[in-house]
Amino acid sequence: MSSDYETDRASVQVVVEKEATGKVKDIYKEIQETLGIDFVPNMYKALAGNPDYLEMTWKKVQMVMGVDGKLGRKTKDIVALTVSIMSGCEYCTNVYNEAVKHAGLDNDALLELYAVIDLYSGLNRLNIGLQTKMDEKPWHGCGGS
Amino acid sequence: MSSDYETDRASVQVVVEKEATGKVKDIYKEIQETLGIDFVPNMYKALAGNPDYLEMTWKKVQMVMGVDGKLGRKTKDIVALTVSIMSGCEYCTNVYNEAVKHAGLDNDALLELYAVIDLYSGLNRLNIGLQTKMDEKPWHGCGGS
Amino acid sequence: MSSDYETDRASVQVVVEKEATGKVKDIYKEIQETLGIDFVPNMYKALAGNPDYLEMTWKKVQMVMGVDGKLGRKTKDIVALTVSIMSGCEYCTNVYNEAVKHAGLDNDALLELYAVIDLYSGLNRLNIGLQTKMDEKPWHGCGGS
Amino acid sequence: MSSDYETDRASVQVVVEKEATGKVKDIYKEIQETLGIDFVPNMYKALAGNPDYLEMTWKKVQMVMGVDGKLGRKTKDIVALTVSIMSGCEYCTNVYNEAVKHAGLDNDALLELYAVIDLYSGLNRLNIGLQTKMDEKPWHGCGGS
Amino acid sequence: MSSDYETDRASVQVVVEKEATGKVKDIYKEIQETLGIDFVPNMYKALAGNPDYLEMTWKKVQMVMGVDGKLGRKTKDIVALTVSIMSGCEYCTNVYNEAVKHAGLDNDALLELYAVIDLYSGLNRLNIGLQTKMDEKPWHGCGGS
Amino acid sequence: MSSDYETDRASVQVVVEKEATGKVKDIYKEIQETLGIDFVPNMYKALAGNPDYLEMTWKKVQMVMGVDGKLGRKTKDIVALTVSIMSGCEYCTNVYNEAVKHAGLDNDALLELYAVIDLYSGLNRLNIGLQTKMDEKPWHGCGGS
């Protein structure tokens, strides 16, 4: 039998959508329109206790992810998932597993991505253990010229 | 004044190229041909003390990185760099910073990549701290629909 | 339907309070009195299988956290939470989110703290990626002189 | 004998101070005035290749660190150092070791801080290994009531 | 009330045992026979979407763990558990907590192991914070000569 | 040309051996006798600014590493090296690479150890990415029954 304490672990008070006012209400609206969803993700509802921090975060997210730069949206989502897996953030891993599927990665592509992460997580630790010395000349990664 | 001990920190004996024989010599040759370089990276020279481990590692690297799958070589190099940065492996970060430049990322693209890594490293920790609860419905990442 | 195996994952046998004897019983009593709680946290009950390790851990905790040193109790709790978030320990993050609230951090202060952790988790990875070279002269952090 | 390749590892082209123009020049000026230093830290010179990213980063830094909020500047610097140590960022650890000394931490206080980080890095891994179950009731950290 | 979305989070489609054919079926059979179990662990069922990756992974696992080398099976399981705890992988920590018990570690031995991990996780962060300089001469660890 | 600032990065004042008095002098003597070396490692010289913290650390080290428990000294050194590699602590990795060689690991054994760390660092990230669900029954690791 679980007590409320055991199951309800969010650390700050969230601002639910119907109670949002002013700047928070505007940003909530913009988030839903931009992301094409009919709810506000829990992460943003937690930040809303500090409207300036919510605004700064949402603006940085849009600056980094919302424009077509040199990398392209799909590649950025793949990097976001990789960072989430490496950080061990379960919430973020879940969101970005969905995001990369939405961006077009099918089951095969997703397994390819995990294989690259698996490979380099191993090689990184290997080189840290080996205390591998820098090579005298540059090379261009393990995949070929 | 540094003693040899302080400056020479590789943890295992490397097999230098001119002393390589048999399976190790063959793999060294294949590495140089495949990667288009005229030397063997220090990482592989350290593994060569165990020829089976060297062979397994080189084969896995080729299986994961050396074929054009669904992700594409450039995207895989970007993921490899991201993993290296997240693992804090200086050797690997250096190799893959070179690799992604070789794969076509210019100064602007590289800064875009670091910005994505910066953004999500921050958001990941934020959500771990917030103990953010899973949303009731899936969404598709921060960048837009 | 979950089996017992799936839900009961503690890795060692805990010593429950009513079965504690000798040194373990004494430390259990001291923990409850010192922390002002009427139960023994699960962490200590797991360590009790090795009474010397339990004692050493409790003594170190008291030496580091239980005295008013130069940093002050509240600051130490904030650092403990920061370390827990960076380690990705869910149990510890939960305990120290409660601890810093108990020490006086309200919703605003907690969001300020997460913002600092978010900011530097990002900047740290950025500098690891950039392989930023040490500056020629010291400076005093990003906040101002 | 080191080649240039081995010693010069910055991954992007920096914008040196005398070549800065427009927005970058203005931000460089603001950084020096705000931080009370007569040079631009290497981190910012690396970001300057993308003036918008430089601006966004500097603004976020000022929003989070540059105002007297509920936590206080000194506590924020301590958290920034803790995050840097946990991320294993050598550049950032160096900057923030200097920053907390500048903020008033003497040798004793610095050792107290490292002791808290040491203690919780250990306890965090212990609880991850133990797969410690959440306690049924909240408590307020290891230091006392 | 939990939706399916909230509770069912596996990111790829698994190949269940009765639907396995060809190479996947063969490897599934080999896994069960080698490990002495009557089911296929979820990790392998997830990899089976890419039979070559499944095969490569299983072969690497057998090469590294399945032979009596210089370290011995029990020591390798202990290292596998240590890596899992340090990575914060809950699934792997659970599997290897069981594995080391099966390999002969009783409650006392398991607590000894956690104590070593606790100790060095602390000392590691301490030395990263201290920016400890390499000693002029080698020594042989903290335990004695 | 490096300034003193760039090359001398220790964050606290060390207590050199000839200036040690009282409790610090006694512990320095005990460290050298116990470890069989004619100098005090830099880590301990940095802690000596707080004699109680130095004493507590040395006692914990001796309790955990200095006695023949169920795991054995060699296994503990192997775990200490594994933790150091996973934490990315260069100083500790260097000390424990030496320690395990001193404890009897030759070049082959060391490569075996790195292979286990490589393998599980990869598998851990794979399972975090896959969000692998706990198996319904326990199994005993990848190596066989």
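Each chain gets a letter, A, B, C, D, E and F, in the order it is written, and its residues are counted from 1.
Criterion: a residue touches a chain if its C-beta (ideal position, glycine included) is under 8 Å from a C-beta of that chain, and two chains touch if they have at least 3 such contacts.
Note that this is a predicted model, so its numbers are computed, not measured.
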Set of chains adjacent to chain A and to chain D: B, C, E, F
Of C-F and A-F, pair with higher C-beta contact tally: A-F
Matching chain pair for B-C (criterion: over half of the contact pairs shared, by residue number), options A-D, C-E or A-F: A-F
Copies chain E and chain F touch via same or different residues, half shared test: same
Between chain B and chain A, distance of the C-alpha-averaged centres to the nearest whole Å: 20
For chain A paired with chain C, centre-to-centre distance based on mean C-alpha positions, whole Å: 25
Two or more partner chains touched - positions in chain C: 9, 11-12, 47, 53, 57, 60, 83, 86-89, 94, 97, 108, 112-113, 115, 117-119, 121, 123-126, 128-131, 134, 136-138
In the complex, chain C residues that touch chain E: 9, 11-13, 47, 49-50, 53, 57, 83, 87-89
Residues of chain C that touch chain D when the two form their complex: 9-12, 34-37, 39, 41-43, 46-47, 57, 60-61, 64-66, 69-71, 73, 75-80, 82-84, 86-89, 91-92, 94-96, 98-100, 102-103, 105-106, 108-109, 112-113, 115-117, 119-121, 123-145
Contact set on chain E toward chain B in their complex: 3, 5-6, 52-53, 56, 59-60, 63, 134, 136-138
Contacting residues of chain A [partner chain F, same complex]: 81, 85-86, 88, 90, 93-94, 97, 113-114, 117-119, 121-126, 128-131
Chain E contact footprint on chain A (complex, rising order): 88, 94, 97, 107-108, 110-112, 115, 118, 125
